[in-house]
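A, B, C and D are the chain letters, set down in written order, and residue numbers restart from 1 in every chain.
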Amino acid sequence: MNYQEILDEIGHEFKAVQFEGKVASYIPELANVSPDKFGMHICCLKGGNYSLGNARESFSIQSISKVLSLTLAHLYEGDKIWKRVDVEPSGDPFNSLVQLEFENGIPRNPLINAGALVISDILVSHLSNPKQDYLDFVRKLAGDATVDFNLKVAASEKEWGFRNSALINLMKSFGNIQNDVEEVLDFYFHKCSIEMSCATLARTFLLFANHGQLLGRGEAVIPKSQTKRINAIMQTCGFYDEAGEFSFRVGLPGKSGVGGGIVAVHPGAYSVAVWSPKLNPKGNSSQGMAALEALTTKSGLSIF
Amino acid sequence: MNYQEILDEIGHEFKAVQFEGKVASYIPELANVSPDKFGMHICCLKGGNYSLGNARESFSIQSISKVLSLTLAHLYEGDKIWKRVDVEPSGDPFNSLVQLEFENGIPRNPLINAGALVISDILVSHLSNPKQDYLDFVRKLAGDATVDFNLKVAASEKEWGFRNSALINLMKSFGNIQNDVEEVLDFYFHKCSIEMSCATLARTFLLFANHGQLLGRGEAVIPKSQTKRINAIMQTCGFYDEAGEFSFRVGLPGKSGVGGGIVAVHPGAYSVAVWSPKLNPKGNSSQGMAALEALTTKSGLSIF
Amino acid sequence: MNYQEILDEIGHEFKAVQFEGKVASYIPELANVSPDKFGMHICCLKGGNYSLGNARESFSIQSISKVLSLTLAHLYEGDKIWKRVDVEPSGDPFNSLVQLEFENGIPRNPLINAGALVISDILVSHLSNPKQDYLDFVRKLAGDATVDFNLKVAASEKEWGFRNSALINLMKSFGNIQNDVEEVLDFYFHKCSIEMSCATLARTFLLFANHGQLLGRGEAVIPKSQTKRINAIMQTCGFYDEAGEFSFRVGLPGKSGVGGGIVAVHPGAYSVAVWSPKLNPKGNSSQGMAALEALTTKSGLSIF
Amino acid sequence: MNYQEILDEIGHEFKAVQFEGKVASYIPELANVSPDKFGMHICCLKGGNYSLGNARESFSIQSISKVLSLTLAHLYEGDKIWKRVDVEPSGDPFNSLVQLEFENGIPRNPLINAGALVISDILVSHLSNPKQDYLDFVRKLAGDATVDFNLKVAASEKEWGFRNSALINLMKSFGNIQNDVEEVLDFYFHKCSIEMSCATLARTFLLFANHGQLLGRGEAVIPKSQTKRINAIMQTCGFYDEAGEFSFRVGLPGKSGVGGGIVAVHPGAYSVAVWSPKLNPKGNSSQGMAALEALTTKSGLSIF
């Protein structure tokens, strides 16, 4: 089967399945999304693009943004960032404070909220115009100048962001936040509010399958060795306290968001994005995980 | 460079480096090993074997044995074992009781002590002669009938095994151990006492690089889909609370033991074993991790 | 009102109340006790004895025994025991392992299981015939040579004592248990199996209200300063993670057991024992706590 | 000996002792206090006042204020407050977030920071002019209209209050804070900045020794039953993770502050305040604890 046949088969099989889960409801903008949305898109390094369902409809990428901000922060600070954030799986929910307190304000990894707040702090220190500069970086990877923040989502996140406020203040008390907490939170909430379709998202992450290079655009955004490391972090830390389960079932590095999106990459082969808003109890898209498991099972290919 | 050239270069470069770390000292049999031992061995699917240093000298494989017992237990019980042990990274030391208590006696994964004790309990239930049957299985994978337990090590582990006794009694109190605790512990301590050289160890793990088949022996020991999953578990859980670091630096699934051994596999390409007894504070071989990082960096190949 | 009138009023009022709770069921010997038993007994320093209901029926004193073993151990080792066990409230259930692991095998206080196991280890080191010698000590305090172990209870505790086995092995791994774990556990389970009536129990604890002296027998068993300290430990640690609640509602130092007994003392005034087997979710007698709260409210007297 | 003789003896004996500890240094206003200050003052119900050293010099009462705000909040809401804050010892440092997260934003007790923030939130809801109204209440208890906030201390606390900000935001995320976090923090920091001398502090707490009545002023501020409960909470929760130690050594209910003050009461007898700025590693005044231990030892009187 080729990829389009696999996607079509997944689309066909999943019609008969009722996936469990609840749409994220902590802010109205996410709660209003239809739970029945389902899209999937594959970008191959060889050039092919394959789509299923609502693959061209935009959604809130939320925590998926953390991989992109990590990538940008590393371009500015290099391995110095590992003094302020670790690379270990957390084994805890995405917004837990427990480990952070035991470990003196050093987050377990850059893909949980605490770690992404430290990365945001680093970017606020380096970027002259943090929100616009970050958006320009993402647009460049996406090859799409229309990618944008959803300002209503960003404002709503801020209004209900008490736990993120707790996290950043705790880290500030340990000296691991250098800028004003309000400024960093504002940048962080905007960052999470970016909207993309599965097609754009897969395209944006294709460089992680391509050793750090923008496909067909002759440009190395990040070195090969660094691409390997970001993929490794996605593999062990991309799904909060379900990273092992995703690795076990899907066998690819990836990252999820509470908007229901998941992106994954098969280094040397393809990137893939899937979107279905119903989340399992650990905050990851139920149907999204199942779809990616079906993809690697049907294709017989994974990194393992 | 071919693999032998890479190994030789590693051997040459490491002569100038003083690796930090301490030989495991909780039992005399491990404490007496020379800290300067260093061996490495690669088995390629294409047939080549490449060695460095003390690659043919036997050492105690300790926790590396946990991957083999998981493999055998899955052959008997299939996916039923995942009701009694999870597949998530622990984020804690190998012998921590904290998570086990919070999570009602269900260990985080089969590669920490608690999980391996549950796997041992499963094997004691199924094998008519647990120690001998297990040894026969390992000898078959190794293609070497001389592989054996070190009875002095097993006896010494038992004498000092209070923490493992605490772990298994705690799980028994939650109903997650079915056999007599002494019998399971006896089997567990023997299992950990197996000795192998780097050459034998790499050979034993070659099936995990070969989709579950014994190379050149035309036999599928475990199905391809199951091999993928065991590799995924090694990737996320093989190094206690340093799994992220190993994944980040080396980019291969692997497993370490307090005897100073590490085995890793590159699916579709090769298996590799390394041995150096000096352990870092997290209980993994310092030089072993550095050697594997050098291997994937010099070869430019990893699963990411 | 005098004490008998208060007891009678409590007996009258409680007839109309249905107390919630479950009889301890982890061993058959405790599960078989009638949930409707209710007894209460006050011993005054001035000489009076006041009884209510099943005050002369024996029950398993269980953890209440921990105060007596602490008292005896201190006579042998003095303040050296505080190097091996702390005096802080645990804030955790009676048999939790979490704190014990974080705090390197030093139990929070001598009135949780872990602490009482350390105290048992100390007594095993000092007593030539631990079980008999301990029994003799308790009989002396009780002024009753018929007080005895219930051997069926002791045997049953041992058969189901996996969690205590986990606790003691964990402490042994930290070096905080000096004798053989089986021997200490055997002593510990016997100690907890002692049976007394409310009348005997109140009598046994009267010395803690009497600055350490046996009333009317002209003998100081423990010094006044030490009596103050044991009372202080009961006050802050006597009810597992409900010590604050007991202190808040009752206002006296005391100790509970899973057999449904509670003993409390008002220094300079009286000792009181109550028995009702139905336990609240935290393992303390529901009706017992209510009865003691009624006693201090009706009498208008507490240490505060 | 009478109380003055005891105080004089303590003053004499302590001259030869070098107490260990460090003056609180997280804000400059506390760091600048001389470490050698030492004052003590006893107010007897029978009317006597006894002083030692710097007993009439003002210092920052800090967390001691938490007992007074609890008292006032209970006057407004009664036992409803116990739905939002528990009465159990925390077993953790005063500003820990761990338990708060596990227990869904319900603080362990009203005398740790998190609990005092909830109490502050309650007062902000009820008082028309929180800061002034609270100050008036304290002045009334003190019988001293000159008691006041130190505005520099309050401002400095706010500037460095990231951890308190983390605590209150975490509770807000659980729905346990009803007012604006900034407004509650502002009230809280003012509350902690109140300054008193030992003499004024002992006088202010005398009602807790006097069943809730202002001595000689014929007014019951709080009911007797409620006074008992506040004393019980001080006994089990007044010294963070050293409450057991204080109870064990001193045998009185009390409360400490990082300014180096400690207040304690002997119900029916006296109140006592001590001040010495050097804190032990758990944040309580070293010399203060020793002085109170000497007091109850020399007088032979404690609640136990």
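What we mean here is this: a residue touches a chain if its C-beta (ideal position, glycine included) is under 8 Å from a C-beta of that chain, and two chains touch if they have at least 3 such contacts.
Note that the structure is predicted; figures quoted are calculated from it, not measured.
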Farthest chain (mean CA position) relative to subunit A: C
Subunit A and subunit D: spacing of chain centres that average the CA atoms, whole Å: 47
Centre-to-centre distance between subunit D and subunit B (centres being mean Cα positions), rounded to whole Å: 55
Subunit C-subunit D separation of Cα centroids, rounded to whole Å: 32
Set of subunit C residues in contact with two or more other chains: none
Chain-chain contacts as defined at top: A-B, A-D, B-C, C-D
Residues of subunit A touching subunit D in the complex: 96-98, 101-102, 162-163, 165-167, 169-170, 172-173, 181
Complex contacts: residues of subunit A adjacent to subunit B: 86-92, 99, 108-109, 224-225, 227-229, 231-233, 235-237, 241-245, 247-248, 251, 253, 267, 297, 300, 302-304
